[in-house]
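Chain naming follows the written order as A, B, C and D, and within any one chain the residues start at number 1.
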């Protein structure tokens, strides 16, 4: 089962700048060879369910190891079995409609 | 690593009433012996990371098997390593403050 | 247009205990006479769109005034026009199904 | 008060393809002159609180008018008062760290 997620990791108790933790998460998705794309409020990640979830767990473990005592993460998570659909497919289907009207 | 999540599962392509799918998810959390509590917009679930995540995956698989072609789930996910904290602890700390002032 | 939301407010840059800010949010929902119910990972709030959103804005303003430099909030937000549905209706429809099988 | 949101609108009861509704939301953000950027699992929108929230309300009203009986939206919403920060600033701060190590 493939999954597309959008993940936003917020370490707490480490001040207001959290970019070094977000950077680390990018490296973890990279390490797991997961297709991923960062935006201003999270990161889209795509791949087999178990691989994606293992990477998410590693993000939490690593960010705790970096010193964050508490982490609050928000994940949107989509699966579909009617047909394959990549992150790019989702964007294309809206972009086409925007251009056609 | 223990985790407290809040999960809201929205099957798509099955009409507007989704309570039978939500009911099934409750049974899955029950089956996994996870402490869980439903509210009007999701379910709080508490337990070891791997058990909770295995239950979430089983929810998706089961709801697809029930006929939903597409599922859109939202998860908030909290871990902390400074001290143990249960779902009830979180509610109590706010309730006390509400009563004391 | 009525709305049911689930809101989780996370002040950043104020340490790891955020219960005093969550307590303040409860008082704001109370002040606006909005039906609301706290759970371990957020608060359900129900009412007219504009009143609910005015309360959400007041939460952010008040929590900034209390000293939080940054706030990260997650909101799930449901509207429906086919029929009225309260927070309790949503819970009841699942509870009934759980008992009937 | 400026806000950066990430919004994901899921119409229910209209089948599994929802791109025409997402397209309409893009047009509404455009019409309100809000800086916005779509990704595979939502749209980042940036601007004054009241303008952004008026656009979100208009999305719900318009998508109901298009025939969706029920809508389930997820919003992440960030405000900060310590310093101005745009959507691009957030991305840049991570991108720089990724390149420097």
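In this section, a residue touches a chain if its C-beta (ideal position, glycine included) is under 8 Å from a C-beta of that chain, and two chains touch if they have at least 3 such contacts.
Per UniProt, the chains are A, B, C, D = Thiamine-binding protein domain-containing protein.
Please read these numbers as outputs of a predicted model, since none were measured by experiment.
Two copies of one chain, subunit C and subunit D, touch each other, and the residues they use overlap strongly: the shared fraction of interface numbers exceeds half. Across B-D and A-D, the chain pair carrying more C-beta contacts is A-D.
Rounded to whole angstrom, the centroid-to-centroid distance between subunit C and subunit D, based on C-alpha atoms, equals 19 Å.
Averaged C-alpha coordinates put the centre of subunit B at 25 Å from the centre of subunit D. Centre-to-centre spacing of subunit A and subunit D amounts to 17 Å, using the average Cα coordinate of each chain.
Subunit A has residues 13, 16, 69-70, 72, 74, 76, 78, 80, 82 in contact with two or more other chains. Taken together, the touching pairs cover every possible pairing of the chains. Note for the complex: subunit C touches subunit A at residues 10, 12-13, 15-16, 18, 69-70, 72, 74. Of all residues in subunit B, only 1, 13, 49, 53, 57, 60-61, 64, 69-82 touch subunit A in the complex they form.
Residues 4-6, 8, 16-17, 19-20, 22-23, 26-27, 37-42, 44, 46, 74, 76, 78, 80, 82, 87-88, 90-91, 93-95, 97-98, 101 of subunit D are the ones touching subunit A in the complex.
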